[in-house]
Each structure stands twice: as structure tokens, then as C-alpha cells.
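What follows is a set of structures for review.
Same chain, two partners: subunit A is paired with subunit B first, then with subunit C.
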Partner chain A sequence: MKHTATTRFGLAALQIVLALFVLLPFFWMISVSLKPATEPFAIPARLWPTAPTLENYVTAFRPEFRTYFMNSIIVSGASVAITVTLALLAAYSFSRGKLIALTVLMGAVVIAQMFPHSAIIIPIYKMMRLADLLNTYTSLIIAYVSVTLPVAIWMLRGFLIKLPVSLEEAASIDGAGPVRVFWDIVVPLARPGVIATAVYVLIVTWQEFLFALSFTSTKEMRTLPVGLNDFIGQYGIRYGELMASSVMVSVPVIAIFFFLQRYLVAGLTAGAVKG
Partner chain B sequence: MATVELQNLAKNFGGFTALEDLNLMIEDGEFLVLLGPSGCGKSTTMRIIAGLDEPTSGRILIGGKQVNDIPARDRNLAMVFQNYALYPHMTVGENIGYPLKIQRIGRADRERRVREAAAKVEMQELLTRRPAELSGGQRQRVALARAIVRTPQLFLMDEPLSNLDAKLRTVMRAELKHLQKELATTTIYVTHDQVEAMTLADRIVILNDARIQQIGAPAEIYARPANVFVAGFIGSPPMNLIAGEIKDGIFVHATGSLKVEGEPDGAVTLGIRPEDISLVATDKADLEGKVYSSELLGDCTLINAHIGKTLIAAKVRPEDVREINTPVSVGIDHSKLHFFDASTGTRRDNAK
Partner chain C sequence: MTHKDRWLLWLFLAPTLLLIAVFLYYPMIGTVFESFRDTSFINPTPRFVGFEIYEKILASRDFHEILRNSIIWTLGVVILQNLLGFAAAVLLNQGLPMQGVLRAVVLMPFILPGVVTAILWRFMYDPQLGLINSLMMRFGFFEDGAAWLASSSTAMAAVIFVAIWKGFPFSMLIYLAALQNVDQSQVEAATLDGAGPVRRLFDVTIPAIKDVILVNIVLTLILTFNYFDIVWVLTRGGPQNATHIFPTKIFETGFGQFRFGEAATYGVFSIIVLAIFVALYVIVQKSASNRRPVA
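Moving on to the complex of A and B:
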């Protein structure tokens, strides 16, 4: 389709407006994090602090923050590893198996992802209490794996379906058994899909708040999103430290995303459309 | 090296019959081509021999041993796929060496054998490349090298040349034939291209509608097609088929008649190869027709002409070019006639 100059200009302007709309909160977050405690509510409001300071970062990076950070890394890391491993195995069966039962199961997987977290959190909470797992990493990892697994399976299945079966057939004729075929051929070729899925799970679990708040009761077990709550007190909100913490929470995920984005785009679109 | 025997092989996909009661004996060292149109069951046959598909019924014997329950990986055969099926994440060398790696053959020995196999297909310079960096012909060679590297007892090739351009196909065809004779390994080759089949095969098996139509050496199949399907499939252009009836030693069809002494009466289909037809003076004509098209091919002229409603092809001398829509007199070599029963389509003198 060919656009006239006016349409092109209009589209470009729209893109800029949308980009500003999306980026402004991030900019504001960084700006506030650099303002001294007196400045966030200065009138007239300033876009950028007159005297930027790192003191919010210094106070925000307290021992608790470091504990939360480690907790988040452990919980998200384990969730990513477990979800991706299980999803890859499940997706391989779903994409290669021919049993009718598999189609039914795949339907169940799709339905499973439709329940909102707030609807399933109470039953899961009760199960965790019965199993005496509340306030442990295990409870959060189990919850995260179960809420991310359906989408992860769906993503990887879409990816694996597009891999030519003849490669696996060639490997089995070359003498490879089923496990060998999976390990030597399927896993290396599925790498872009695996990375995309891992990033998805990481982003979901890194920012998860509801389960983390409900399942943890002590500061030692809290993850970052819950930890940000510390700055929201009964008598006031310490915006500077809150925003500084938010920046520190966002940076690792943004860095990983930038590093892996070429895989992510390839992995998300591959299999999205029927080939 | 081994013989392959298929006994009463059948395969159904749901309600679709892909193969019906197939019996075939393949000799040790033979180059056997399975030829037929798409959907005839030739690829299914090969996949069953490979162990990629299971037959609905019947027995497969390789080297005299039943292999029905032996998985593909333990059948000790090599296969070249239509799309080559090279492992994209491995280099050429790793691709060729993969079967050896699975057999846990030591690195030094493996590298030596990879180099030997690569040298056989003239790919020894490109061992560190990835498949994506190779041309179609080079990929084909890598696939061949991967097949020959472990000296299997059987080669299976599923339309290996069909993704190559016409010129390269001719070159690779010759190389393939040479290589197979040099290695003397039993080879089963699937194709829908009758020229490939004629040039490569020791014996051709022609399949159609899930059944074997004819088994024989290329020359034999060309000279004595067993039925109208084979007659219309082999040759380029294929044999002309004209419906008619024989009465008292005369073949009568819609627009004329032809003396055919000694043939019993009955409804028949007359078959005549394009090269056994010539253009003659009107008084010597066996058939009268009208030119539909005239194509000078260099070494001959290909004339298509309507005889009644039937379009026939004739390969005539290069100087016999004709104008379109002009009448033409056609002479037939009476010693090269083929007769097929009109109702069954089988060759009349097959019983002889």
C-alpha cells in the first residue's frame, strides 16, 4: 500500500504520541528517583530535578532490598527453569503425538490459562497451607509454574510444530533413539522458542504481586514487587526511594530483554500464524 | 549390502488405501526405482522399508531377516530425503559425521571417514560450512555423504533430485549412478520422473493406485509396457493410445483403418510410440490427421496432430516441419504396434 505524504506524516505523529504516552511514566519514575525528598511535589512541577541526587538510591539499596532481590532471583529463576523444561517436554509431545487424547489435553491447557489469578488464588492458598508450604520459596515457585505453564506450552508448541519432522526422521535413521533425537536435534533447533518462552516467564514472575503478597508473611521471604510496598506507609509515601527501588527492579529485566529481543521477536511470531 | 523382500505389504491411512498387497524382491546390489505419479504409494513403500511408517499388514525382510518390529535406528540403512534434511545447527562435517558419532566411533577414525565420504562427493573443502551457506547441489552432496559415510546395508532415496534445477539434475544423476555402482549397495529410489527412472534403474517398479503395474528393466518396460497406464507413463512424450476395434485382421478406429494381420478380433487400444510414427505421402498414409502443433527440437521435430478426436504425438525428422491446421498423412511402423485390451487395459500378448 502506498501512502501520501500527509498520511505518512499523520502516522509518524501518531507513533510519536503513542511512544510518549508509553515512555512518560518511565521517564517520570527516573526523574522522581533523582529528586531530593523535598522536590517531588514542588509547584510548579519540574520535569527534571534542578539538582539531581543519588541519595534515594543509597537509602533504597538497604539490606532488605538485597534480600528481596535475592528472593526474586531465586523464585523467578527456578520458575523459569522448571516451566521451560516442563513446557518443552509437553510441547514436544503435543506437537508430535497423534493421539486424540492429546488434542483434548491441549484444549484443557488452553482453558487452564483463562482463569484469572484472583479466582484461583484462594484454592491454591488453601492447598499451600495444607501442605505446610506457606512463606516458602516452594509455594511461590509452584504457583508461578502453574500459572505460566499453559502459555509456555502454547508458545513452544507453536514453535515446534514448524520444525520439519524430516530432521527427526533423518536422525532416527542415522541411528539416534528418541531421547537422542530430542536432545541432539529438537532442543538446539528450539532454542529461539525456548529463549522467548523463558523471557515471558521471567517477565511475568518478576513483577508478580498477588501471589507473592499472599503467600509470604515475613520480610525474609518477600520478593521485590511486595518489597516496594515498604515505602508506602501509614502516614505517607516516600516517593523518591520508591521510584529509585522501581528503577533498580526494572533494570535487570530491561537489560535481559534488550539482550534477547531478537530471539523474542522470532520466537513469538514463529508458529503464531499457521504456516 | 542386502536383499530386500516385501511380502503382501498393505497400508491404510484411515479409509484411504495407500498400498495393496505389494510383493517385491530386491536383489543384493540392485538399483531399484519405484516410479509412479504422486499418491501412488511409492513414498509410503519407502517409508515402510525405512521403518518410519508401519505397514497395516505384510512382512518386510532385509537380508532375509524380518524387520517389522525393528525400529528405524537399528535397521542399518541410510536415507536421502527430498528436502535433504540436513541438521541446520551442525556444520557439513558434523552432519556427515553424525551417524558415526551415534555409533560412538572415536574422533580420529570419525574424522578420517567423514573426509573420505566428503571426498567421494567432492565436498572436502566445505566441511566447516553450515547447510544454510550451501547451494542446492552442495546440500544434496552433503546428504549423500551422510548416507554413504557408515556403509549401510541399504540406501533409500526419496526424490533426491527433484529440488535441483534441470542442468544440475542431469549431472547429479550421472554421479549418483556412478557412486551406486562403485559402492555396490542395494538402493531403492523413489521418483515420479520417468527419465530419472529410465536412466538410473537396474529395474523399475511402476506403481499406480496402490498397486504394482509392472516390474522390469527399463528397456523391457519401454519395449513392452504391461498396460495402458505404463504405456502412457513411460516415454517423453509417452506412447500414443488410440481406441478402436479389430475385425478380421483390420484395426478400425473413428477416422480410418489399419491392417493388423494375425491379431484376434475385439475392442482394443492401439499403442504406438512417437518415434515409430513418420510423415508420409498421402497414398501411403495409415492415418489421416490435422496438425495441432509443430515444434522443432533440434534433433527432431515433434508434431502433435488430431486423428479424429485423439491427439497423437510424433517424433519426425527435423525437416518435417508442418503448418498448424494443415492436413497430415501419418505412417506407422507396423512392426512396433502395441495392443491393449480395451476393457482391462492390459497388454494383449502378455500371456505369450
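Moving on to the complex of A and C:
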């Protein structure tokens, strides 16, 4: 599109406003995390500390925080692996099978993704209590896999539909059994879709709060979001540490996102735009 | 897949269908059953009470406040987030030099974990130490800090603002993808006919992506209505119910007070209200597009 010089200037100004709106809170978070605990909060606040230091990070990386981090890695890691595996198998069936029953079931999957978590959490909590699974990784992983499966299936199905079936047919004619066709042809081709789905599930489970808050009761089992929320009460006024912890919680997902952005963007938009 | 391979298809589906049935569909029905039974922390054995809890909740002031808050919250976030998301998408689709970097940067709030977002903004809103009041004082808007989250007249607007900050990048992402799929020859034809940028936007672009707009609004409607983390961490539903919406009320009743029956009943009400929301929107959208045929 061609623009006149004045329009270009106006649009560039709007871009700066947009960037400021998005980035100012991030800048503030980092600035405060680098402020030495000894430097008093100036009123009105200073935008950048006079003597930036990493001491808040060192203090914030206390043993509890490391436990929360480990728990988050275990719960999110397991959820990503299980959800993506199950979703790929299911999406393959949904994209290749031609039965009416499958269309109906796919509809049921799409509807299930709209169920409000706060409305279904009490029966799930009771089931977990009955199975003696409260305050375990297992309860969180089961909940996370179940709630992320519908969107994961929907994303992967959108991806698999676009793959040419001819390759699978050719392999089949060459004598490959259905399991080999899936493993040798479909799985390698589905890689971009798998990456997109994995990133999506990671982003969702890394920040999941409601289930983690309701199902865990001891410090040993808390995940990062719940642990951070606990910090507010304990270290309410020590914003420097709170912001340093926040940065450490966010960096892993933001880094992975920037690394694998194009996969995620393609995966998320494919369904909504083409569907 | 040939006819005799059907066993594999069902084998692949089995674990997923089992999980979705047991952990999504069963709880959905379970919530309804739960709502007919009264339990409390002191009296943990469930007792069948029929619609007693429904009557109690409908008669309570809490319910009306939460219903009103949920409507304001949902409409506020959905409308503003979609407007801002759409505007940002149009802006970042003009072929300006920085657009590639900006498209990635703008997505950052969407990736930032909800609890982190809430803690960060609690701090931004802090009456004395927060950036917002500091900037306002520096530019001479007022002397003393306003307590954005602690005053019931501003709390809801403050929470809505945070939700939009975190949510608009997602809307932008979808709109951007849709804008890139708009047939450019139609836009050029309209330009040759003398249509300015605003007319092109309303007469060509928006009609071309109206399905995406529908999907996007329904999606954000559902996500917003069910929001929990940001609201809970920012205000715990306060001050005095000013920001209590269905999910926060359900959590507080269920896991704060262990009144599962009452929490489940709020859950049922929330599903009904959400269903009405979505249905109303789809009806309005349908009748609007029937009235104004796309040229």
C-alpha cells in the first residue's frame, strides 16, 4: 500500500504509541527488579535505578522458588508431552476417518473446549479426592491434559487436513501397514503442527492458576503461579524481589515463544481464519 | 485409511475420548447434581435440597452484583479488546518499516503468565509507588495518588484495562491473519472507484473478514467470561464485591469456604448466563448481516 509522507508520519507515531503501551509495563518490571533494596522508592518514581544490581534475583532465587520452578517444569513438561501425543493420534483419526460418528465426536470436542473451568472444577476436585490424588503432580497433569486436549486436537486436525493424503496412499500401496504409515509418513510431516501445539500447551499450563491453587495444599507441590501469588502476602512490600521472581517466571516462556513464534502464529490462526 | 484399518482409528481416539468424557463432560453434568446438594465445612455429608440453593442465591444481593459485574466486565473487555486488536492489526498491516518486529513485540503480553501480569499491574496501580500515579503526578494531573484498585468506583475499570492489555494481542493476531487473506484486487478496484481508506475499510475489508470477526468475538466472549487469574490476583473480587465475577465467586465459595453446593449452583448460573450471551450475540450478528447484504 502506498502512503503519503504525512500519513506515514502519522502511522509511525501510532506505532510508537502502541509499542509504548505494550512495553512500558515490561520496562517497569525490569527496572524495579534491578533496583537495589537500599535505594528508596522516590515519589514520583524514578524510571530507571541509579545503581542497577542483580541482588533481587539472588535473593528471590530462594529454595522455595526453586521447588516451584521444578514443579512447574515437571507438570508443564509432562502435560505438553502427553497432550501433544494424544492430540496427534486423535487428530489423525479425525482428519482421515470418514464416519459420521467422527464428525459428531469432533463437535463434542469443540464444545468441550468452551466449558468454564470454574464450573467443572468441583466435581474434578471430588474425583481427585476420592482417588487420593490431591496435592500430587498426577492430579494437575490429568487436569491439564484434559483441558488442553480440545484446542490441541483442533489445531492439529487443521494442520493434518492440509497434508496431502497421496503420500500415505502411496506408502500403503507399497505394503506399509497403517501403524507404519502413521509413524513414518504422518508424524514427520506433522512436525510444524506438533511444535505449534506444544508451544500453545506450554503457554497455557505454565501459567495455569485455578487448578494449581485448588489442588495443591503444601509448599512442596506449589507451581510457579501459585507460589508467586503466595509471595504477595509474604513479601508484599518488597516489590524488587517480587518483580525479579516475575521476570524469572516469564523468561522461559517468552524465550521459547520468540524462538518458535512463526509455528505458533501459523497454528493458532489457521483454524480461526480458514475454519 | 482402508476399511479394515478402522480398529486403529478407534484405538488412536480411545484415550482422548476417555479423558474428555471423564474429566470434562462428567464434571459438567456433575456440577448440576452438586448444585442440588447442600454441603458445608461443618456439615460435610451432602444432603439433597432440590432447588433450595438456587432460591437462596437468586434472592441474595451477591448474585445480582455478580451478574451485573460479569456483564460489565465481559462487554467491556470483549468490545474494547476487539476494537484495539483490530486497530492494531490494521496499523501493523500497512507495510511500514518496523512492522515485522512490532508484530512479535506486541504479542508479549499474551505470552506473559496471568499471575505475573496481575502482580505487575498491582504494582503499576500502587497509589504511592506505582508507575501510573508517578507519571500522572509528574505531568501534574494530581497531587495525591488515586487508589485505583482499592476504590469501588475505579476497581472494575482498572481490572478491565489489564485484561485488555493482556488480551488484545490475541485478537490482533487473528485479525492480522484475516487481513492478509483479503483479496487485494477488490481493495484496488475500490481505490480506482475513488474510495478513501476509511470507505475501503468499511466497504471492502470488514465485509471480507466478517466471519473471522464473528469467531473472534465469540472466542473472546467465552474466554473473558471465564477469566479467573488476573481478577483474583488483582482484587480477590473486592473491594466489596466491586470486581467479583462468576469464576472468582465460585472459587471463593467452593475453595475458600468449602460450600460446594453453593459454588456448583453459581457454576450452573454461570453456564446459563454465558450461553445466553453467546446466543444473543449470534442472533444479533445474523440479523445484522441479513439486513445489510454484502456488496
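To be clear about the criterion, the second predicted complex is superposed on the first by the 247 of 275 C-alpha atoms of A that agree within 3 Å, B and C clash if a C-alpha of one lies under 4 Å from a C-alpha of the other, contacts with A are read in each partner's own complex, and residues count from 1 in each chain.
Basically, a contact is a pair of C-beta atoms (placed from the backbone, for glycine too) under 8 Å apart; a residue touches a chain by one contact, two chains touch by 3 or more.
What you are looking at is a predicted structure, and each value in this text was computed from that prediction instead of being measured.
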Joint occupancy of subunit A by subunit B and subunit C, clash or fit | fit
Touching A:L140, do we find subunit B (first), subunit C (second), both, or neither?
-> neither
May I ask for the angle at the C-alpha centre of subunit A between those of subunit B and subunit C, rounded to a multiple of 10 degrees?
-> 100
Which holds for A:I121: it touches subunit B only (first), subunit C only (second), both, or neither?
-> second
Give one of first, second, both or neither to describe whether A:R180 is in contact with subunit B, with subunit C, with both, or with none.
-> first
Using the superposition on chain A described above, determine whether A:S172 touches subunit B (first), subunit C (second), both, or neither.
-> both
Regarding the shared-chain residue A:P164, is it in contact with subunit B (first), subunit C (second), both, or neither?
-> first
Decide which partner touches more residues of subunit A, taking subunit B and subunit C as the two options.
-> C
Considering only touches as defined above, state whether A:L24 meets subunit B (first), subunit C (second), both or neither.
-> second
So, A:L189: does it touch subunit B (first), subunit C (second), both, or neither?
-> first
Considering only the touch criterion stated at the top, classify A:L210 as touching first (subunit B), second (subunit C), both, or neither.
-> second
Is A:V80 in contact with subunit B, with subunit C, with both, or with neither (first, second, both, neither)?
-> neither
Between subunit B and subunit C, what minimal C-alpha to C-alpha distance in angstrom results from the superposition?
-> 7
Subunit B and subunit C contact sites that coincide on subunit A, given as residue numbers = 172
Interfacial residue positions of subunit B with respect to subunit A in the complex | 50-52, 71-75, 77-79, 81, 83, 85, 87-89, 98-99, 102-103, 146
Contact footprint of subunit C on subunit A as seen in their complex | 1, 3, 8, 11-12, 14-15, 18-19, 21-26, 28-29, 32, 41, 43-45, 86-87, 89-90, 92-94, 96-97, 99, 102, 105, 108-109, 112, 114-127, 142-143, 145-147, 149-150, 153, 168, 172, 178-179, 182, 203, 206-207, 209-210, 213-214, 224-226, 228-229, 232, 239, 242-243, 246, 249-250, 253-254, 257-258, 261, 265, 268-269, 272-273, 275
Provide the residue numbers of subunit C that touch subunit A in the complex, in ascending order.
-> 1-2, 5-6, 8-10, 12-13, 15-17, 19-20, 22-28, 30-31, 34, 88, 91-92, 94-96, 98-99, 102, 104-109, 111-116, 119-124, 126, 128-131, 133-135, 137-138, 165, 169, 173-174, 176-178, 181, 212, 215-216, 219, 222, 225-226, 228-229, 232-233, 246-247, 250-251, 254-255, 260, 263-264, 267-268, 270-271, 274
Contact residues on subunit A for subunit B in the complex?
-> 164, 166-167, 169-177, 180, 184-185, 188-189
